[in-house]
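Each of the next two complexes has chain A plus one more chain, namely chain B in the first and chain C in the second.
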Partner chain A sequence: MVNLFKHAKACTTAFAVAAASFMTAGHATAADDTITIGYAVALTGPNATGAGISTVPNYRLWVDQVNGEGGIEMPDGSRKMIEVVEYDDRSSNEDLVRAIERLASQDKVDLILPPWGTGANLAIAPLMARFGYPQLAVTAVTDKAPEFAARWDRSFWMLGGGHDYATGLVDVLAQARDAGTINNKIAAVSVADGFGIDLIKGARPAFEEAGFELVYDESYPLGTSDFAAIMSEAQASGADSFVAFSYPPGSFGMTKTAQAMGFNPKVFYISVGGAFPIYPGIADGKADGVMAIGGVDGTSDSVKAYFDAHTTFVGNPPDSWASAVTFASLEMLEQAIGRVGLDHGDLAADLSSGTFDTVIGQVKLEDNQLRDLWTVGQWQNGAFVGVGPADKAGAAAPVIPKPEW
Partner chain B sequence: MFVTILILGLVLGGTYALLALGLTLQYGIARIMNLAYGELTLAAAFILVALMQGFGISPLLTVALIGPVGYVVGSLLYTVMMKPLVARSSGGKLDVDSILATFGLLFLIQGALLMVFGPNFTSISYLDKGVTIFGVTVALNRLIALGICVVVGGALVIALATTRWGLALRAVAQTPTSAPLVGLDVNKVARQGFALGTALAATAGATVAMYQTFSASGGVVFTMKALVIVIMGGVGNVGGALAAGLLLGLVETFVATAIDPGLTLAATFAIFLLVLLFRPQGLFGKA
Partner chain C sequence: MKYVIYPVALALLAAVPFVASDYALGLLIGMVTYVTLASAWAMFSGPTHYVSLATVAFYGAGAYVVAMLNEVMAYPMILLITAGVGATMALVVGLSTLRLAGVYFVIFSFGLAELIRQLITWYEINIYGTLGRYIFVDITARGIYWQMLGLAAITIGLTAYINRSRLGLALRVIGDDEVVAAHSGIPLARMKLMAFVLSATILTLAGAIASPRWVYVEPAIVFNPTVSFLTVIMALFGGANRLWGPALGAIPLFLAFEYLSAHFPDVYPIFLGALFIGVVFLFPNGVLAGIEGLRRGKKEETA
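Now for the complex of A and B:
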C-alpha cells in the first residue's frame, strides 16, 4: 500500500513535469503577401488517432493544394500564400485553449482552423468567439448544435448530432422491415461514452416509434477489447439487425468477433471506424454489406478526385465520413475569403449565408449548420457509399440482407 | 450459459494474464515499475503488423521470434538506462526513480511509434476463424493467446520453483540486499529479470496484434490492465498473475453475460479495491 501511494505521488509529479514543457513552437512572420493560418490539434495522445485520420491530413492537403496554385485568391484577384502555424495540444483541452490564446494574441494569425473532436471544439468556442474568429467546427457531433450556433454566431457546425444519425439509421431499417426483408427485432449495443450515449438515446425512441422492438440493448465501457460475450448474447436474441454505436476499436473488435463466431445478422451496423479505409482489411476482405455511420456520394466525380488526391498526398485514402466534410469546410473558407477578404465578421457572414461549391457538392448552411448530411453508409463493391437519407442525391440502394461473412 | 461463461472467460483471462506476466517479473525481480510497459508491447504489435504487411512474414513466426529480440532489447535497456538508477539508489528510492525514468521512456517510445507507424488505428485479420469448444465458438487467435499464456506462464512457474536459476531470481526478488552475501550477482539477476519481462511484453504485444485493434497512443491501457493484475496477483508472483488474469477474465465475462456489459469495468475495479483493502500483498502474495 505504501508503495502504491508513493507511486501515485511520483506519477503526479511526473505528469506535472511533462505537462509544463511540451508545446511545439511555431513561427509566424506576417508579411503582406501571405496569410497565416494557425491550428492546434492532437498530434500526440489519445485524440491523435482521430485527428490523424479526419483532420490533420486534410489541413495539410488543402494548404499544399492552395499554395501549389499560387495561394489563396483575394477579392482583388491577387493571391496570398498560406503560412501555417501548427501546435500540438497533446489531446489536452487545457493545452488546446492555451494554444488558441497564443495563436490569437501572440502569433496574431489571420485565421484559426478548429481542432478535432466534439469536446475540443466546445472547449475553444467561447475563446474563438471572444477573439472574433470564425470557427468551422467539423468533427463535432452534437445535438446541441442549434443552441451553440445561436450562442456563438461565428461558429459553424457541420457534422450533425447523434439524433440525426440514429433516426437516419432507423429510416433505412424501417424501409427494409416494411419490405419484409428483416424482422422487427433489433439488437443494439453502445459504448458508454459521450458519443455512444448520444446515439442510443436518440435511437431508442426512434426505434420504438418506427415499431421496432429492442430485444437486446446494452452498453459496454470504453476500452472494452473482448466482445465475445456481448456478441453471443446478440446472436441469441433473434434479432435480424445488429446495431453498434461504437468507436473504432469496438467497431473493429465486433466485426472480427462476428466473423469468428459466424454471426451473420441481416443488418450489421457499426459506427465510427466503419467508414475508415482500413476497414475492408480488418473485415478480411468481406466488408461488403456492412453498414456504418457516414458515407460519401459514390457517384460523384469530385469525391473521386478528392479521394485520389488524398491518396497521393497522404499515402492512404481518407475516411468516408468526416474527411470529405472537413475538406469541404476548407474549400468554403477559401471561397469566402475570395469573396469578402479576411475580415472575420465579413467572413462569418459569408459562410453563414453564402453558397459554396465543394467536394461534397453545393453547400449552403442552415442556421450555421450543415444539415444535408449522409447519415448511413454501406460498403458496396469495395467502396463505402452513402445509402441514407434515401432521397439525398447520389444515394445508393442499401443491400439487405448483408451477404454472409 | 455456464459453459459459455467459463470458456469465453478463460480465453479472455488468458489474454489478460499474458499481458501481466512480464510486468510482474520486471517489478518483482528488477524492482523497476516500468510505466513504458504498454508501449513496449505496442512496439512489438506494430513490428508484427509491419513484418506481415511488408514482408509477408507469418504472425505466428513473429510471435515465436520476438521473445528473444525483446530479451536483448530489455537487457540493453536495463544496462543503459536502469543500471545507473539502481547504482545510485538506496532504500525505496529506486521505485520513484524508475517510475520517473520509465515515464519518460513511455513518451519516447510513443513518439517514435507515432513517427514511424502514424497515429491510425491498426488491426489485422489473422486466424479470426471460429473454433468450437464444448459448443462455444471462440476465435482461434485468442485461443492461441491462451495457449501461449498457459505454456509460458506454467514453464516460468515451474522454472522459478524448481531450478537453481529460479532460486536465484527469487532470492534477489525477496531480499536484494542479502542476496550478494550468498554469492549472487544481483545486478546480473535483475538484468535477467528485466530482460525476461521485456521478452514477455514483446510476446504478449505480438499476440495481442493478432486479435485487437491498437494505435500508437494506446499503450497506457495495456500498462493499466497489467498493473491491476500484477497487484492483484502479488508483485513478482507469476502464478498469482496467471490466476488473477484468469479470474478477471471470468468475472468480466460473467458480468457481461449475466448482469450488464456496462458493469465490467466496475466489477474489475471493485475486485481490485477489495484486494487492496483486505490483501494488499495480493491474492497470492506473502504478507
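Now for the complex of A and C:
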C-alpha cells in the first residue's frame, strides 16, 4: 500500500509537470505586423459535416485571399498578415467553451471567429461578451436573435430565425396559388429536432393566415432513413405542394424516395441540404424546380466571382445558403478593421452601425441582425438562385409547377 | 498523516482559480469533471464488473433538470431536485435491469441514454412545444470549479468509505462470482442497487453542475455518447478497482485529448480507438496495476 502511494505520488508529480508545461505552451504572441485570428469549430464528430461545408472552407478561403493581397489593411494604410489558430471542438460544447477560453486568455488572439451551429454560438456568447470580442454568429438560426443581440451587445446574428424562413415560403406559395398554379392544400413534414420544430411552428399559423389548408402535417424522428410511408401519405393527401422542414439526410432521402415512387408535386420544397452543391448529384441531375431554404442572387457578378474562387480554392462550389453569408461576415470584419482598427469596442460599434460592400451586396445590420435575407431558393438551370422574398433585388421568378422528375 | 495531506491538497486545489488564467481554469474544470465522472462510474462498475455505458444518461439528465428549472427556482434547490431525479431514475432502472449480466447489461446501459434522450425529445416537442432550452444562471467558472471539486472530493471519499464497508466487500464478492455471493447470503439485488444509485446520483449532479457552461441545451448536445465512452476508458486506463485509479486515468487522458484537439484535430477519433484496444490488451486492470506488476516482476527477477 505504501508502495502504491509512492507510485501515485510520482504519477501525480509527473502529471502536474506535464500539465504545467502544457498550460504555458501557448502560441507565440503575435509580432506587430501580424493579426492573430482564432477559431474553434467541429472538425470531428456529428457537426463536422455542416462546419465542413459552410464554415471552415470560407474561413480558410478568406485568410488565403487576404494574405494573398498582403494582409488586412489597417486604418493607417499599413497591412498586417493574418495568423490563424485553429482548434477542433469535437462537436462538444464543453470542449468548445474551453477552446474559446484558451484563445482569449492563453493565445490572446486579436479576433475570434464563431463556431458552426446555433447551440455552439449560444454556448460561447457569454464568454465572448465577457472577454469583449465581437461575435459574428452566422450559422445560428434562431427566432430569439433580437433578445440575444440585446443581451450581448457585441453579438451579431446573420441568418435569421425559423419564422423568417417559414413565412418567406408561405409568401412564395401564396403568390402561386393566387395565380391559380397550385391548389390551396399543403402537405408538410418536419424533422423532430430544434430546427424542424421552429420552422413548422412558424409555418402553421402563416399557412392558415394565407388561407392554405394543411392537409398533412407529420413529424419524423432525426435519423429516419425510410420515407416511403410519409411520402405516399403526402401524395395521397391531394396537396399540390410538398413541404419538408428537414436536415440534409432527410432532404436527400425524400428526394430519392419521391423520384423512386414517381411523386411529382407541383412544389417540392426541402430545407437544409437543398442548397448544397452536391444536391443535383443526389437528385440524379433532375434538381431543376426543387425549392429549398436559402439562396443567392443569381444575377450578381460578385456572387459568381465568389463561387469561382471557392471552387478553385476548396475544390467544390460553396452551398448557396450560409456560405455566402459567412464569407460576407468576414468581409465585414475586414472592412471594419480597415476603418477603426482592432479595438473590440470600436469594431463592434462599426459592425453595428456601418455599411459594408460584400459578396452578398451592400450590408447594413439592423439591431445587430442581418434582416435582408434570402428565404427561399430554387434550382434553375443547374444553379440554386433566390426566389423569395420576391421583392429582393436579383430575385428570380419561381418556376411552378416543377418539371416532372 | 493523510488526514492532513488530503485537506491541505484540497485547499490548495481550491485556491488555484485565484492564480490561474481563464483557460487554465477551463482545463481544471474539464479535468475535475472527468475525475468525478470516472470515479463515480468506478464506484459501481469497478468492484461489480458491470460495465455501464449509461454515464451520459445521468449526466445529461442532470443538465436537463437545470435547463428546465433554472428560470423558476433558486440554484441550490435545483441541485437538490437533481440529486432526487438521479436517484429515482437509477432506482427504477436498477430494479428492472440489475438482474441482467455481462454483455446484456452493457447493451442495455447504452440503450438507456438513447431512451432518455428520445423521451425528453418527445416531451419537449409534444408537450413543451419547442426543442432547445436556455440556461441563464448567475454562476462563474470559478463557482463551477469549486462545486465540481467538492463533488470529486465527496466521490473519492465515499468510494474510500465504501471500500472499507460491508457494502464494498459485498460488491467485490459479487464481482468475483455472483453465485458464490448469493450462496454466502449476500442480498445481491440490494447491494448492487445501492452502489448503482449512489454512483448515478453523483453522475447526475455532475451534469447539473457543468451545465451552466453550455448556455443552450438540446437533447443531441447533452446526450453525447462520447462522454460515456471517455468515462469508461479513463476509469479502465487508471484502474477501476483502485481508489485513485479513475482519477489518475482521467487527468492524463484529458490533457492528451486537449493536446490532440489543438495539434492533430483529425486524428483524435483514431487515437481514442487505439487507446481502447491498447487498454484492453496491455492493461486490463489499469495502468497502476500494470506498473505494479512490472515492478513485482523485476523484484522477483533480481531476488
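One rule holds in what follows: the second predicted complex is superposed on the first by the 376 of 405 C-alpha atoms of A that agree within 3 Å, B and C clash if a C-alpha of one lies under 4 Å from a C-alpha of the other, contacts with A are read in each partner's own complex, and residues count from 1 in each chain.
By our rule, a residue touches a chain if its C-beta (ideal position, glycine included) is under 8 Å from a C-beta of that chain, and two chains touch if they have at least 3 such contacts.
Bear in mind the structure is a predicted one, so any value in this text is a computation, not a measurement.
Colleague: I'd like to know which partner A:Gly180 touches here: chain B for first, chain C for second, both or neither.
Modeller: neither
Colleague: Go through the superposed model and pick first if A:Ala125 touches only chain B, second if only chain C, both, or neither.
Modeller: Only chain C; A:Ala125 stays clear of chain B.
Colleague: Where does A:Glu94 make contact in the superposed view: on chain B (first), on chain C (second), on both, or on neither?
Modeller: After superposing on A, A:Glu94 lies in contact with chain C but is clear of chain B.
Colleague: According to the stated criteria, A:Ala192 is in contact with first (chain B), second (chain C), both, or neither; which is it?
Modeller: Both partners, chain B and chain C.
Colleague: Once chain A of both complexes is superposed, is A:Gly68 in touch with chain B (first), chain C (second), both, or neither?
Modeller: A:Gly68 contacts neither chain B nor chain C.
Colleague: Which holds for A:Ser219: it touches chain B only (first), chain C only (second), both, or neither?
Modeller: After superposing on A, A:Ser219 lies in contact with both chain B and chain C.
Colleague: Looking at the overlay, does A:Phe252 come into contact with chain B only (first), chain C only (second), both, or neither?
Modeller: The answer is first: A:Phe252 touches chain B but not chain C.
Colleague: I'd like to know which partner A:Arg102 touches here: chain B for first, chain C for second, both or neither.
Modeller: second
Colleague: Between chain B (first) and chain C (second), which, if any, makes contact with A:Glu86: first, second, both or neither?
Modeller: In the superposition, A:Glu86 contacts chain C only.
Colleague: Looking at chain A, which of its residues have contacts with both chain B and chain C?
Modeller: 3-4, 7, 11, 18, 43-46, 91, 192, 219, 221.
Colleague: Spell out the residues on chain A that touch chain C in their complex, using ranges where they run on.
Modeller: 3-4, 7-8, 11-12, 15, 18-19, 22-23, 43-46, 86-95, 97-99, 101-102, 104-106, 118-119, 122-123, 125-126, 131, 192-194, 197-198, 201, 219, 221-222
Colleague: Of all residues in chain C, which touch chain A in the complex?
Modeller: Counting only chain C, the residues touching chain A are 21-27, 29-30, 33, 118, 121, 125, 129-132, 134, 141, 210, 213-218, 220-221, 224, 226, 242, 244, 248, 251-252, 255, 258-259, 261-262, 265-266, 268-269, 288, 291-292, 295.
Colleague: Can you list the residues on chain B that touch chain A in the complex?
Modeller: By the definition above, chain B touches chain A via 4-5, 8, 11-12, 15, 33, 35, 92, 95-96, 99-100, 103-104, 107, 110-111, 114, 118-125, 128-130, 136-140, 142, 211-218, 221, 231, 252-253, 256-257, 260-262, 264-266, 276, 280.
Colleague: Write out the stretch or stretches of chain A touching chain B in their complex.
Modeller: 1, 3-4, 6-7, 10-11, 13-14, 18, 43-46, 48-49, 51-53, 91, 189, 192, 218-221, 223-226, 228-230, 232-233, 248-249, 252-253, 256-257, 259-262, 273, 276, 278, 281-284, 316
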